[in-house]
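What follows is a set of structures to go through.
Each of the next two complexes has chain A plus one more chain, namely chain B in the first and chain C in the second.
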Partner chain A sequence: MAWAGKMLRVNLTEGTCKSEPLNMEWAHAYLGQRGLATKYLTEEIDPKVDPLSPENKMIMTTGPLTGTCASTAGRYSVVTKGALTGAIACSNSGGYFGNEMKNAGWDQIIFEGKSPKPVYLYIENDKAELLDASAHWGTSVWDTEEGIKHNHGDPQIRVASIGVSGEQGVKYACVVNDMHRAAGRSGVGTVMGSKNLKAVAIRGTLGVSVKDPKRFVQATNDGKKVLADNAVTGQGLPAMGTQVLMNVINETGALPTRNHRDNQFESANDIGAEAMAKVRETDGKANLITNAACFGCTIACGRISQIDRTHFSVAERPQYHKASGGLEYEAAWALGAATGVGDLEALTFANFVCNEQGIDPITFGATLGAAMELFEDGVLTEEQTGMSLKFGDAKALCEMALLTGKGEGFGAELGLGSKLLTEKYGRPELSMGVKGQEFPAYDGRGIQGIGLAYATSNRGACHLRGYTIASEVFGIPVKTDPLDSDGKPALVKAFQDATAAVDSSGLCVFTTFAWTLEDFAPQIDAACEGDWTAERLLEIGERIWNLERNFNNAAGFTAADDNLPERLLKDAAKTGPSEGKVNELSKMLPEYYELRGWSHAGVPTNETLSRLGL
Partner chain B sequence: MHKSLSIDPGKCTGCLQCELACSLDNEGMFNPSKSRIKIFNFEDKGRFVPYTCTQCAEAWCLEACPTHAITIDRATGAKVVSDALCVGCKVCTIACPFGTINFNQDTGKVVKCDLCEGDPECAKACPTEAITYVDADWTGLEKMRASAGSADAAAQA
Partner chain C sequence: MQIILKLYAGLTPFLPAGAQNNQIAIEVDEGTTINAVLDAHNCPRKLCHLVMHNGFHIPPGERDARVLREGDALAAWPPIAGG
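Moving on, here comes the complex of A and B:
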């Protein structure tokens, strides 16, 4: 019930697919998805393994609620050792693919080894086989998805695939499903490409059951009502999408701009939600066509956009004239503010290309921002880059997205990510990230807690491991002062632990704008065998966090890696409410370790491990 | 007085809650592939369109069935398949101009929307009122109301 109870093990070296029972003892200790797959991964691989070697494994995983009628119950994750970071990676995606995997009767799929030639995995309920992907190798996500549906004569297949970037070793390749939903961060698509695995195509018609259907429908209806009645999940996100944040964060003085040189962007108003909804003078249409939901989602924050056909980026490229997945906030920030580009249509084009070729727009935009700073400082020249890379150059953004998506020209260097790129050119201090992964769209100087969340995130800098913005900016569940670091260690820990549990359920973290674990527990309890309370979920979240931490420590990360770039610690924010502020990490980190039950070296104590059953 | 399902694609977000509710009611589990209502995603245009049986007054599926397995539910007006009488010949699937009656390989019978005995689960599950259950004579009422409002606004301007 809820869990399908079985998983698929695909050995790409041998070309075999075997069904195995799910370890239900682990399912009860780690819930599912992020937690459960991390347990499997950490049991099965050496933490020191090269992420791109056949010895690394990659797990596609669903949660117990994936495929049910709970709101947002369509999520799946890709868990592996990340190509970008060398740390534990878990990238979560929506769309419809996760439900299809669950409906085919699989909780998760473990990929191991490396195929001698390009293949894709085709699953039709119980049947699973590896098929030749040579016709799709070298083609985009979009062409691969259409091509595989055509191969099987079945438009109802759901596909997750990598673009050319993942084949070429771009360090931050995504796994993209349903054309524009992505397991985006940490280079999980790069790992997939290193295994010569082009795609996973699934058709599932077996259905998903829950323990007590009547109670489950009641509990999920209660949850849906809370989402509908909440101002963020019921009004803000459906109407404006995550892009509602652009002006808000800019006004907070925490919109990192031009590789974090600045903390406010003068063109923020031109690239946010309001701009997307505005009718264009050129063609009388708006960039935004409609909002869209992932499977089972009653929030529907997704954006579907269409680029102005007269815009330079697409005037000669009719393949981009169709509507597709539009800008969400993190992408708009990275492609826009981080590069200083204020052209909404150019950002939308770059976002389409990121989806088409499967690259993480956050890391891509941030890396381009770092390259632009190198260029403006004269470290990089036009001879090396092929074109001018000044901050704010929309043409450079579009051209570099195309090149990076295919790993060609200077795009191959941008494909290294900002850490390796800036190291290569002798300016490592210009990489704006943690543990090799670039920051998302909030400045740790203007919002103190998120700085600590970045520094301690197990998958490298990330907003989704502990979204303290909810409290520090929106007052959810309680308002805290973004400029004050007092109390933030406890806030960060609470968000990190709760989020780990939410991720592991198969639901979307956006529900937490309205739900606490008290809202989740009745839904999980009605679906899953056993007794599930908010306290138990929080404990599971903390267990997962420490499991991930143990893996990273064993992989060679230390307390020194729980750090922020000097720019955030020494160069004060220049404007707005955060003017004069740096991030107070050194004040927060020791308190955070203590609250976690870790040593001064950032290692979980024996007492902590035994308390959590690790 | 009968009611009809009224569908407004402009409000649909593609969440498939209707398919989940339909399959739970009819199959006892969450299984969109067995849903009698289906959402079509016209990706390139950014449109999501729910589609199901509209319960034709002159129902060609019913007329075509050689075993008289399809009858009219007098209470709701729904055209309902009797599993006891259906032999799975699929003639109704050919007769239906809209494709909304389909064969189920697991049972060997055809399946179609039966309006859930007058309390359609899809309409109840829809979070955006893209699917509503309204007076069968006035499925256009809300569209008329919206048009009347904009006509009046124009007249007042």
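Moving on, here comes the complex of A and C:
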């Protein structure tokens, strides 16, 4: 119940699709989605495998509540060994694709091997087959999605695909579904491309059953009421979206700017939510058209926007005149503050290109920021880059997005990500990330806990493994001082464990601005066999965290990789309330290891493993 | 003395005419408190969720007592979050 109880195993080398029963013992220990797929992956691949070799596997996975009537029940994840990081990768996406997969009767799809030629997987409920994708290879996500719907004469098919970037080996390619929703980070789309798998297209009409339908409707209605009554999920997020954070984080002095050289951006107000809603002088319209929701979501935080047609980026490119998804805060920060570009229309254009060609805008923007610093330092020249790459250059942002999206020209070098790019040019200290993945939109000097969350995140620097910003800035569930590192190890651990459980449920992590695990538990309990309490969910979250950690340790990561760049540890923040601060990682990390039940070397002790049943 | 008042998101409409980029320099008396400024601009207190004084978070219980000084920045938001 709630779980479909079966999964699809696709062997791309042999071209076969086989149904298998889901391991229900594992489902009860790991819930679903992130937890369950990680269990499968870690059982089935060698942690030392080359992420881009046929021996790596990629799992598309749903949670038990995906496809149900719970709010935000459209989520799915892509789990693999990440191309960008070489660490465990789990990228979560909304939209409608996850719901379709679950309604076709599949909890997850495991892809193994490598197809001899480009293919896409087509699923119609029980029927699954690999079809020739040669006509779509070399085309964008947008064209692929339209083309596949056209092939089958069915506009209701849901498609998740890679763009040209994923084919070309750009290290941070995404899997994009529903045109602009993405399993965005760690290069999961690069792995998909390495398997010659262009897309997965699904039509599902079977429905999802739950253990106790009456209690489930009551529990999900209760949950929806909590979301509606909460000022953040009921009003703040639908009205302003995540982009409202641009000015908030800038005011706190924690908006990383120009590759973290600065911690406040003078143009923050030109690229945030207020700017998106402002009527433009040029055409009398606002950038923001409307908000939008993923499947079943009663929050609707998404942004749909339209670029000013007179703007240089699109004046000669009518294909970008239509309204599309974005900007969300993380993308706006990376494409804007991280590069010093304060032109909202240029950011929107670069974001559209990231969606169109399937590249992670966070890593792209951050890598361009690093390249701009190399350029300003004279390490890179115009001869190498093809154009001036000064901080703040909107034309360079747009041009480099186009080139990186196709892995062409200097875009192929940007496609390496900042770690390999800065190493190549002898300045590794300019890569702003952890475990090969770039930071998102919060500076660990001005917000201490998030620095620890970045350093210890199992998929490389990430805000979504433990979003302590909720507490440190918004006061959810309680306010803590962002500049004080005391108590942050416990805060980070609590957020990490709870998030791992939420990511395994099929629901969106944004519900946690209003819900605690006490709100999730009755919904899961009414849907799934077994007894599900908040305590059990938290234990599952901790189990998942340690499972991921074990995989990374076996892959060759050590405590030395739980680190931050020197810039965050030695170069104090220059302005605002965080002026003079560095991140106090060395103080927080030993306490964090102890709370986790790990050795000084960052390895879970036998006692911890047996407590968690690992 | 002058301070900078910054109102964002759903509080934007409470900015006086002439504000640009969601902020405006305003004249206030010496000894003016945070709540006195927000009240003078008709910002409903329950909408003033996140309030920052020079970037530092000020909880509701301290806003009546916290006195502003020449050149200070006062910023306020309704309930918001993101990520």
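Please note the rule applied: the second predicted complex is superposed on the first by the 614 of 614 C-alpha atoms of A that agree within 3 Å, B and C clash if a C-alpha of one lies under 4 Å from a C-alpha of the other, contacts with A are read in each partner's own complex, and residues count from 1 in each chain.
In the analysis below, contacts are C-beta pairs under 8 Å (C-beta built on N, C-alpha and C of every residue); 3 or more make two chains touch, one makes a residue touch a chain.
This is a predicted model, so every value here is computed, not measured.
After superposition onto chain A, the modelled positions of chain B and chain C are compatible, with room for both.
Looking at the shared chain after the overlay, A:V232 reaches chain C, while chain B stays out of its contact range.
In the superposition on chain A, contact is made by A:V217 with chain B only, not with chain C.
In the superposed model, A:F474 lies in contact with chain C only, and not with chain B.
Between the C-alpha centres of chain B and chain C, as seen from that of chain A in the superposed arrangement, lies an angle of 80 degrees, given as a multiple of 10.
In the superposition on chain A, contact of A:I540 is made with neither chain B nor chain C.
With both structures placed on the common chain, the touch criterion links A:G67 to chain B but leaves chain C unconnected. Contact with chain C, but none with chain B, is seen for A:T242 once the two complexes are overlaid on the shared chain. Fitting both structures onto chain A leaves chain B and chain C with a minimum C-alpha separation of 17 Å. Under the contact criterion defined above, no residue of chain A touches both chain B in one complex and chain C in the other.
The residues of chain B lying in touch with chain A in their complex are 13-17, 20-21, 23-24, 27-34, 43-48, 125, 127-128.
The touching residues of chain A, when paired with chain C in their complex, are 230-232, 235-237, 239-245, 247-248, 251-253, 269-270, 273-274, 301, 329-330, 463-464, 467, 469-470, 473-476, 479, 481-482, 509-510, 513, 576-578.
Chain contact summary for the complex, chain C toward chain A: residues 6, 8-10, 12, 21-23, 49-50, 52, 54-57, 59, 73, 75, 77-83. Those residues of chain A whose C-beta lies close enough to touch chain B in the complex are 67-69, 96, 99, 103, 156, 179, 204-210, 213, 217, 224, 228, 238, 289-298, 300, 302, 304-306, 322-324.
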